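Chain IDs A, B, C and D follow the sequence of writing; residue 1 opens each chain.
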Amino acid sequence: MKERAVLDVSKLPLHGLSTASPTWWGTCAFMLIEGSGFALAIAVYFYLMSLAPNWPIDTPPPDLFAGTMLTLLLLASIVPNMLVSRWAKARALAKVRVGLIVMALLQAAPLALRIFEFPAMHVSWDENAYGSIVWTLLGLHTAHVITDLIDTLVLTCLMFTRYGDNTRRYGDVEDNCLYWNFVIVVWLPLYVCIYWVPRL
Amino acid sequence: MKSTSALLLLALLVSGCTGAQSILNAEGHAAIELKELILWIICVCAVVWLLVMIALVSALVRQRDPDGGAISERKAAVAISGAVGATVLVITGLTITSFYTTRALSEASPAELTIDVTAQQWWWQFTYVDANPTRAFVTANELHIPVGKVARLRLKSSDVIHSFWVPSLAGKRDLIAGRENMLTLRAERPGIYRGQCAEFCGLQHSHMALFVIAEAQADYERWAERQRGVGAEPTEAEAVAGKAVFMAKQCAACHTIRGTKASGTTGPDLTHVGSRRTIAAGLLEITRGSLAAWIADPQTLKPGNNMPLVPLTGDELRQLAAYMESLR
Amino acid sequence: MMPGKVLNVSVAHLSATVLLFSLLVGLSALIGLERQPRQFRTDPPVAAALNQLRLMPSGIGGAPPEIYFALDRPYEASAYDLSQGKRLYSWFGCASCHGDGRGGAGPSLLDGWWSYGPSVVAIAASIRDGRPRGMPAFHNRMTTDQIWQLAGYVKTIGAYSASLAAPSRNDDKHTRPAENRAPAAILFHEDLPAQPRSEQGPPP
Amino acid sequence: MTEDRKQSSLMDDGLDDAELDWHLLKSWETPRGIWKVIATVDHKIIARRYIVTAFVFLILGGMLAVAMRIQLARPEARILDPDRYNQIFTMHGSTMMFLFAVPVMQAMALYLVPLMVGTRNIAFPRLNAFSYWIILAGGLLLWISFALDAAPDIGWFAYVPLSGPEYGSGKRADIWAQMITFTELSALAVAVEIVVTVFKQRAPGMSLDRIPLLVWSMLVMAFIVIMAMPAIVFASSTLILDRLVETQFYNPAAGGDALLWQHLFWFFGHPEVYIIFLPAAGMVSTIVATFSRRAIFGYLPLVMAFIATGILAFGLWVHHMFVVGLPRLGESFFTASSMAIAVPAGIQIFCWLATLWLGRPVFATPLLFVIGFIVTFVIGGLTGVMVASVPFDTQVHDTYFVVAHFHYVLVGGAVFPLLGAIYYWFPKMTGRMMSERLGRWAFGLIFVGFNLTFFPMHILGLLGMPRRVYTYQPDLPWGGLNLFISLSALLLVSGFLVFLIDVLVAWRSGEPAGPNPWKAATLEWATSSPPPAYNFRRIPVVDARDPLWRYPEELAVTAGLRVDRRELIVSSVVEALPEARESSPRDSIWPFWAAIATSIMLIGSIFTPWAVVWGSIPIAVTLVGWFWPKGTAEDIS
């Protein structure tokens, strides 16, 4: 078949950011998958709750301290997270480097608090269905925190190499910030479920 | 053409055949209602299918006029809208019909008889509940109900999920560990109706049948009265010896024969096993021979079931079978 | 097949091939270990042979019959037999004396102390013939096959490292870790003060 | 340094066609050699692998079906013992659903979507390579366990408590549950690729209302996968947790519930049907249009019907649970919603019929399969309406009536269109035509064999024969029909044999096809058969739904892409206006290693929970290797 050139694309950028980047859409799709997973886990929580004569089953509600501190810490991390995202958009390499180090620390800190959350449940995963679902919710979220922490660490290393100053990397940093926001946002309903619903 | 022949075949089955376990052989209050609904829906759907087929064939083989594109496109749009409208009407009609059938079936009529059904791998235990606990009794794999009376079944499972299904009497209902379900049966005509577990429950799901025997009130009373009694004392010499074998061997550890010291609860109650039609949840019709065959080698006849192979001599086997048969 | 190509592959590629191959073999072996040929029927002669327990004169310890090894020790290795054993444990009322394995009127089965030795044949003999101070004999209530299944299961209750074939929890109230988590290792610690031996019953 | 490279970059505008082809091939081609092939990220090669693998699983699953039919041909037959039979029917269902139907439909998307939207590779091609190795590992896990007599024996639905810790001894149920994780991981990955490819990599000008219907159907399918599959991953993971570390999700004695499993399973399981059916509907739409020699009638209603099906799919899972004893009101709601899905299904059927009516049908083999599809799928749809009625379902639930119903839906509704699609796109995939003569034979045998095999099952169900029985007793009136069914199954098998022979012969020595043998309208026919590694010499520009019918002589294309690196066009979601000249990743061995590491972790976690911890480390390492920039031209931006 004969070809007739009707459109010249040579002036287009070599990589788009946010909605112009396939990676951004991929990140969104994965967030949708994981969001569905979290939504289901929460649905299972309420389903089990609806079956139980009292909730939590045979235990006092969880202690609030560790979980609430973790929630506050996560919420506080939104600010530097957004800043890093903005610096990445502006291609400010030095600022992004510092920001990523800060973010890595801010993502590791919740894990330290998380260690105290499990005993705060007053129930082990194998005692009853209540224990199983709260441990699963916590575990699921912990897995996401760890994943994003590793992602941040690798990105931090990357930004200190010669590959750092590249639109693609800045896009990765933005996506990583987006994902961390997701990790924070899904925690909020989990926090309410785990800590406040048993107090209703 | 295939579907018409199938419909013919269906009609034949509806009119002529009376299978032991068939939706089309409806003899219970619920099953009769369901059969009417089923046939009605099948007829409606068959008509719909025929109409679609007519449309398909005519679309494929019709004479094409050389040009009439725009007009026929508009016609097609109208036809499609009409067809979608018809679809909506048909499914609304079917939804309403099935809703009313459900309501008619769930109308509570007072139960005259309550039976606890406990399903286990792979047999059925029936406990006839009575206000006076001494008049309650236990049997297995064979349910007797009086004709025309409402029997309420409380369905429970002691292990995995099973499903109680006697198609000639009513639709099925699952038995789920940790839950209790209800099902009511009312047989309109006396008869013997076969049922079978309808939820996959492991190795011997295939051999987990039961029989419902609907009989006149007097016959039912006579049967129930005998079931309340203790196991018959054997008279025949062979059966007397068989009783001794039963008590000495492993049998008594799992089975109960009321009136004797055999009081195991793992296996079915055998107090009146000789009065039942079948052994091993519908596996074999009860004769002395089949009883002996079953006791001799349950793992070959029904692989994986929970009755172990108990080593017995030929004599012991004959005696046991005689004893079992005598427990009427 | 492609000699040139094979010679050319780097060490990394070669090791990768080896790894891939060993992975497949490993996968097969892993599942093979867990192989569960389910034996529903024990031939009467086999059952009779299995009944020939060779016990020490003291009744403590002994050797299983030859056929047990010929059968590849099914009652300790087959997940199906072990789970059948677990059902027998409740069907034959073991819990009424031994509780969930921690004892009651009868001795504990997971405190690391076996009055008649930890071998499966001793456990089978205890079940079959009974023991002094209250353990009844089950030989006229259970078949040889069942006695072996139960003995194999009882051994998993007290095991310090769980076998891959050990049964998991029942659909029941949780009272102790299931057999596949080696409850003895979790519940019984050497450094804890010694509990009264089961002959005297549990502590008040 | 970056600047230097930019200056030395080679653009496509100054080159003649032959030079352009040479340069593009150099950038995009998968080199020879086993490790290069493992490392490939070409969507066509991976999709072909997927399709071949899926058909291998179809053959294996079909052999299991034959084994079951041999066992059921006579009452109380002892060819298979119950333990083996239970493994076989579980393997049949699991293989067909998880290892054949879903992967093969997704594989067709992997092959066709990038070609139909006019791009050079799928989005996230390395993820694509990863997804194939993962599903292969899952399939091997299941089938090796079958060979070792340790296959799951709990049904493809794995209801607790039968699959739970107390009644499912050994590792059989865990193997099933972990196989699910493998296949869902792969399905989710492919779904993400499809969504992003359709959203962002369409040819300039291919606005949403110009997307081919097949692509629409694949897009909706991908979204259903994304929303539904997490449910089954959650369910199977909690099942393994219950069995391995004693969580109590499904234990009624400790606050759990057996029905929770059924809710989770069917929340995935019902949409699964549409995951399989919608791609088939897209194939039918394509074939009907091509062989009616006219544009599809009712493009917009069809797209709306696809989307409506996708949404309604999530509202009717409870109709699999009508006999578990749920409240009446809920059941009535689910009857209504289950019936409602007949409306979008009806719209699709009517639009296809209208297209055939208005067009001038050419009775080539693909169209024959579509006609067979309409005949059988309408039966399956109507029996679906029947079982949606609660009272009707209380009688036929878990009988052979239902077996007949879903085989009419899945074989009639998905396999027939798939076979038609294979006949239709085989020339594109291999450059060779399949035989019309053998095709007609295959269609005839499969169509007749299928109906003779499965129609009588409706009657068996009405006669009271339950599903999943390994045998039945001689005094039950089912023997004759069962024998008839088993014999008819041989006819069906012979039809598939003819089909396979046709595929093999055509692959070796079929007639050369040329770029557009069917005179079809969509972009995949604008390139050579089989397409080159880079799909299109120049990326097309589209201003119509049927570009090749609108402009049969000449293809409007873009210019200004680099040819010395893998480059394609990213466009906007709605209008498909070009936004960037994005690079597409090079081949990489890392997805393969990542898949191996993931498989080790997943299989290990059947045996010990610590495998999750230790197994994650190699996964993290391989992922870093995967994403770490290698300084290639593709990394420049």
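Note that in this section contacts are C-beta pairs under 8 Å (C-beta built on N, C-alpha and C of every residue); 3 or more make two chains touch, one makes a residue touch a chain.
Worth saying up front: this structure is predicted, and the values here are computed from it rather than measured.
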Pair joined by the larger number of C-beta contacts - B-C, C-D: C-D
Find me the chain with the mean Cα position closest to the mean of all the protein Cα atoms on display. D
Where chain B and chain C are represented by their mean Cα positions, the distance between them in whole Å: 39
Between chain A and chain C, tell me the centre distance in angstrom, where each centre is the average of that chain's C-alpha atoms. 44
Can you work out the whole-Å distance between the CA centroids of chain A and chain B? 52
So chain C residues touching two or more other chains come to 38, 40, 169, 171, 174, 177
Quick one: which residues in chain B touch 2 or more of the other chains? 177-178, 203, 303-304
Provide the list of chain A residues touching at least two other chains, using ranges where the numbers run on. 126-128
Residues of chain D touching chain B in the complex: 81-83, 86, 155, 159, 161-162, 166-167, 252-253, 257-259, 297-298, 301, 323-325, 328, 331-332, 335-336, 339-340, 342-343, 346-347, 349-351, 353-354, 356-358, 360-361, 371, 374-375, 378-379, 382-383, 385-386, 389-399, 451, 455, 458-459, 461-464, 466-473, 475-477
Where on chain C is chain D touching in the complex? 2, 5, 9, 13, 16, 19-20, 23-24, 27-28, 30-32, 34-38, 40, 79-80, 82-84, 164-165, 167-174, 177-178, 180-181
Complex interface listing, chain D residues touching chain A: 11, 13, 123-124, 188, 191-192, 195-196, 199-201, 204, 226-227, 229-231, 233-234, 238, 241, 245-249, 251, 254-257, 260, 263-264, 267, 515, 526, 537-538, 541, 553-561, 569-570, 572-573, 578-583, 620, 624, 627-629, 631, 635-637
Touching residues (chain side chain B, partner chain D) in the complex: 2-3, 6, 9-10, 13, 17, 19-24, 31, 33-34, 37-38, 41-42, 45, 48-49, 52-53, 55-56, 58-60, 62, 64, 69, 72-73, 76-77, 79-80, 83-84, 87-88, 91-92, 94-95, 97-99, 101-102, 105-106, 121, 159-161, 163, 165, 167, 170-174, 176-179, 181-182, 194, 196-206, 209, 282-283, 303-304
Chain C - residues contacting chain B, complex: 38, 40-42, 44, 47-48, 87, 91-92, 140-143, 145-146, 171
